[in-house]
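This report concerns only the one structure given below.
Labels A, B, C, D, E and F are assigned to the chains in the order they are written; within every chain, residues are numbered from 1.
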Amino acid sequence: MRPYGRALHALRSVTLETGVSPYAEGSCLIKCGSTHVLCTASVDENVPPWMRNSGKGWVTAEYGMLPRATHTRGRREAAAGKQSGRTQEIQRLIGRSMRAIIDLRALGERQITLDCDVIQADGGTRTAAITGAWVALKSATGWLVEEGVLKADPVFGQIAAVSCGIVDGTARLDLEYEEDSKAETDANFVLTSDGGIVEIQATAEDRPMPETAFMDIFALAKKGISELGEIQNSVL
Amino acid sequence: MRPYGRALHALRSVTLETGVSPYAEGSCLIKCGSTHVLCTASVDENVPPWMRNSGKGWVTAEYGMLPRATHTRGRREAAAGKQSGRTQEIQRLIGRSMRAIIDLRALGERQITLDCDVIQADGGTRTAAITGAWVALKSATGWLVEEGVLKADPVFGQIAAVSCGIVDGTARLDLEYEEDSKAETDANFVLTSDGGIVEIQATAEDRPMPETAFMDIFALAKKGISELGEIQNSVL
Amino acid sequence: MRPYGRALHALRSVTLETGVSPYAEGSCLIKCGSTHVLCTASVDENVPPWMRNSGKGWVTAEYGMLPRATHTRGRREAAAGKQSGRTQEIQRLIGRSMRAIIDLRALGERQITLDCDVIQADGGTRTAAITGAWVALKSATGWLVEEGVLKADPVFGQIAAVSCGIVDGTARLDLEYEEDSKAETDANFVLTSDGGIVEIQATAEDRPMPETAFMDIFALAKKGISELGEIQNSVL
Amino acid sequence: MRPYGRALHALRSVTLETGVSPYAEGSCLIKCGSTHVLCTASVDENVPPWMRNSGKGWVTAEYGMLPRATHTRGRREAAAGKQSGRTQEIQRLIGRSMRAIIDLRALGERQITLDCDVIQADGGTRTAAITGAWVALKSATGWLVEEGVLKADPVFGQIAAVSCGIVDGTARLDLEYEEDSKAETDANFVLTSDGGIVEIQATAEDRPMPETAFMDIFALAKKGISELGEIQNSVL
Amino acid sequence: MRPYGRALHALRSVTLETGVSPYAEGSCLIKCGSTHVLCTASVDENVPPWMRNSGKGWVTAEYGMLPRATHTRGRREAAAGKQSGRTQEIQRLIGRSMRAIIDLRALGERQITLDCDVIQADGGTRTAAITGAWVALKSATGWLVEEGVLKADPVFGQIAAVSCGIVDGTARLDLEYEEDSKAETDANFVLTSDGGIVEIQATAEDRPMPETAFMDIFALAKKGISELGEIQNSVL
Amino acid sequence: MRPYGRALHALRSVTLETGVSPYAEGSCLIKCGSTHVLCTASVDENVPPWMRNSGKGWVTAEYGMLPRATHTRGRREAAAGKQSGRTQEIQRLIGRSMRAIIDLRALGERQITLDCDVIQADGGTRTAAITGAWVALKSATGWLVEEGVLKADPVFGQIAAVSCGIVDGTARLDLEYEEDSKAETDANFVLTSDGGIVEIQATAEDRPMPETAFMDIFALAKKGISELGEIQNSVL
């Protein structure tokens, strides 16, 4: 039995709220069960130095977690003086995923930064961040079109992300922390709403996993992401 | 005229919400107009190395701001690799203020860390942080009493904070960003609900201020903090 | 046509040389075409503080690249004062992969550090590092058994890694730099010699990839890793 | 009784020596009892990047303490790799105070940096630094006028600073270390010679202070700063 | 008796291999007994900002050591977040030595960076680095002439380096680690092939050394460097 | 002609003042012409972790320079967040020199830290620091004997240091900045008062120097250090 009697192939309750930041060009607060991530998209009319005069724009992401977003307080990265390897890995994943579904040339020489800050964590923060960041990105590019800065929306694909895993021998969709911490296998999928693959990261925890297990969770992921895509569409 | 037709001696609309974190021993989301700060109090059964075997506890604070809490995106301090002087100044102020109204010996050898994270900023983030942090602290010490860890609440005073200033020649209570940025004089007061002084920081911006101006804003601060104290009491 | 007339499903020429370090408990210099990585395994009789008295050992990895391992000189990370996000991502991957095929309890309270230093880079450095690090690890655990420190080898699985991708519309095994830089899709597979999955990281570059493309490169990876496993066995 | 039989409202013996640096455009060695601070003012014909083309100059300050300026050796901040929060707080205070009495537009696009280095510490280092830095600043702007770079001195106000506190229940002027460490209340005042307020920082140590206590020490500060102003004038 | 029966005035077996890097403009792998250092010379058509428009070029060096180049694993400097004092001292020495035998004006406004990475260490890594770096530098300037970028080779002198010391009361040439660690006196000489002095660093370990001891090891150094110069010439 | 008509073999005017710090166990302010260095010796009853239970003490040094000790203001290392390579090289030299003339076992398990802070610089700061640090060290060990902590002074040798060089073709003793910046050859000698060698660092600037030049400046150094030794003795 999963926590709260959830079915193996069921997402946690998901809500997306847009326009939550009074200043950002796009924003989305995503809640997947007890995992809450605030995603903002900030448009900057400058690109990083190494991209100047390339005729192309850039999309990047930063990820953070409030110190008490978790059961026990974690160290504040700003106080520690550096971002952890985990943080860097996650923000690189978010940025890469967004760049896979936007035409950087059509964006023009400007940068969009997606800040994904975890207010509360209960597993699946990086996948929630991607699902929410896509909504924030889409809001920001919509704003650029509305403002007349761009003629057409440079975002050409819709993506969402979800984690799946094998826990106690069964494939499960959208792991929460209690499950995640004892999963035999853990994978994060970033897929388009029509099943295209943007990123797959599958990791065996204690021992290698058979290919069939991977296929089982891949199938769950496609189902979950299709549902997340509908929720995304309902708020845009 | 002040923005939104506010009276010179009026606070912005203030709300305090407790219990907003599912994990922290105490928490409070404070909203002063468009300034929103999430304050959590985390109890740790260890004190810093330099306090061990002193028979006393410790209260400290950390302050942060989400990159897009402001009109234009600020640099993430964790990515920059250090906390700014402003951040350090603010978190030292919050910690010092809290330690002025708690009996560290009665707290016993444990530490309470107050994390004050600005979700949205419109002036007065440090004073909102203090007003909210006091509620979070009080919730945490209440929890320690409830759990039977402490026999009595070691917090012996009630504090709140507010900024005041001279703007366009008039003394005003609770400055918002638009006023703050053009103030002739800017001061932050941390006072107890019965008028005791915990901390005063008054700064002349472009030129020195006369003592009468200081007295005017001091009077406003006392009025404002009395009102904040009532709001704090209403949620505890 | 691939560079040097290589077939789409062919590995580059691979050589493994063990015992290349006079000091390390295990070592392996792996050359995959023009990608050369020196892997050493260092046994330390202490574990990190957070693992003490757990009865378990630890395996970790560090990755580096000589500044002129690449076509144009890269900045030395020690001089820059930090490891890049890419470096951290890679060394976390190597460590995680090794931990999936070793029994940490059987290793006992000691740590093995795998240093993977890229002497020359021509694509596929992280996968070469894993293939070589496994040999270095196995040499080190073999040494622990020979020395009588351990009764049995705690390594229970054999792993290797390879990158695959879709380049110019065709699935290719073991990408070199020239191919990697223009790949539509790029994936790294860490598999056991009998087809178990340790880690899959698949990334669409410019646009999402269809599932069939992923399956094609997965098949190539299994073939390549089977061949790498034979080469590993031939030197141990 | 105060140390050395000093009266409650008496400053320690104060000496100011100008021209102590052979290279700096302005310099002052201030000795307040056993607190010795070397203040230099360096004129730089460039402003920070964010001020370029603003038509205005900038005044900033840096503060440091020799490791053995204190009873027990402190850690060298350069070796520690960062300035403490205390150091940053102090240097921000010094810079802010100086900017309140200089016309930055009249200064023109150049920067003056005030380096305040504590050679020996016995309480009140930040206030001594401000009193000395003003003399160094004034010397530097005087030099700019003499050299014909400026037509008139852009410094329009005279400031000094002093600490006061309540110790053993009595208000005292100019605390030395032994008093400071046991003060119930501690405040730093930066005032102009004619009583204008530049900065007030009052801090209750163990418990809140009554308003009357604050007024008592404010009165002492005005007296002390008037005396410091005369000493400043005597050396310029 | 020295290790391996070596004579007091004999170098260890030395080999130099050029062209070991497929990318660098000059490279040399030097092996002095069990000390192996990979030296690459990278030509960059830009000089550091402070040299722009000076009409002169620059030569600089960086030094590193693989973590397991030594008997026990050393901490990776990139992971530690900074280069040790020893590393900085060595790379400054290498750069200074190279600049003493090249005409920077004739080099033109370009920079050559010498990366000296120790693959294996058995004493004398800094002197081996200099001897090898000179060969790499010479290869790079030779390449600049061949490519027609420069008309004549700006390197006007030939240098090599060696360590000498007093061990067990006898003067010895080219110390290996076992000798170095117990030397009474240790000195590094950087000399030209015709006996000119580029750098001498002599250090008494436990107690001061007499001048005669210094003269003895100086004589040994001249002999050793003459031999190293012949080996350098044989590979260019 | 040298600046101020000084003879080629003459030291600048040198003064040593002891007991300048009210807190340090030993202290010395050394002035060599316009180069002023404050040296303090701090006794700490703890040794660094890696020396515990070794039965031996440790002597170490730190070096710093006030930002405006020089003609143009230098960057404060504490603000820059790290010590320069030059600073590290110098402080390592000072520490090494002191350890060559003290019996660490006789010192017992305690550490003496020599802080050498340059108040004013006009060439030769590192050699002045060594000459002054020896006096501070000797004062501190004298204090340890006086206090009854040690039975005998563990310092068994007397050292001083001086720089020499070839400027405009002539060998000169004790270079000042104007000479140092155009020297063909520059060397620092740390010698005992009876001519023993503790450290020699000779560096050719633009081109290698002949051995005779080195011998000339070595002779000057011995003369200068003999004179410095007499001045040291006169103040102890």
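Basically, a residue touches a chain if its C-beta (ideal position, glycine included) is under 8 Å from a C-beta of that chain, and two chains touch if they have at least 3 such contacts.
Bear in mind that the values here come from a model prediction, so they are computed numbers and not experimental data.
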| item | value |
| --- | --- |
| Neighbouring chains shared between chain A and chain D, ordered by label | B |
| Copy-to-copy rotation for chain D and chain E - C-alpha atoms, rounded to a multiple of 5° | 120 |
| Chain copies touching (chain B, chain D) - same or different residues, decided at half shared | same |
| Where chain B and chain F are represented by their mean Cα positions, the distance between them in whole Å | 50 |
| Mean-CA-position distance for chain D and chain C (Å) | 58 |
| Centroid spacing, where centroids are CA-atom means, of chain C and chain E in whole angstrom | 33 |
| Junction residues of chain A - those touching two or more other chains | 81-82 |
| Chain contact graph, described as a line, ring, star, complete graph or other shape | ring |
| Chains in cyclic order, anchored at chain B, direction fixed by chain D | B, D, F, E, C, A |
| Chain B partner contacts - residues on chain D that touch it in the complex | 82, 85-86, 88-89, 91-92, 96, 100-101, 156-157, 159, 187, 191-192, 195-211, 213-214 |
| Touch list for chain C against partner chain E, complex | 21-24, 27, 34, 38, 40, 42, 44, 62, 64, 66-73, 76-83, 87, 113, 115, 117, 119-120 |
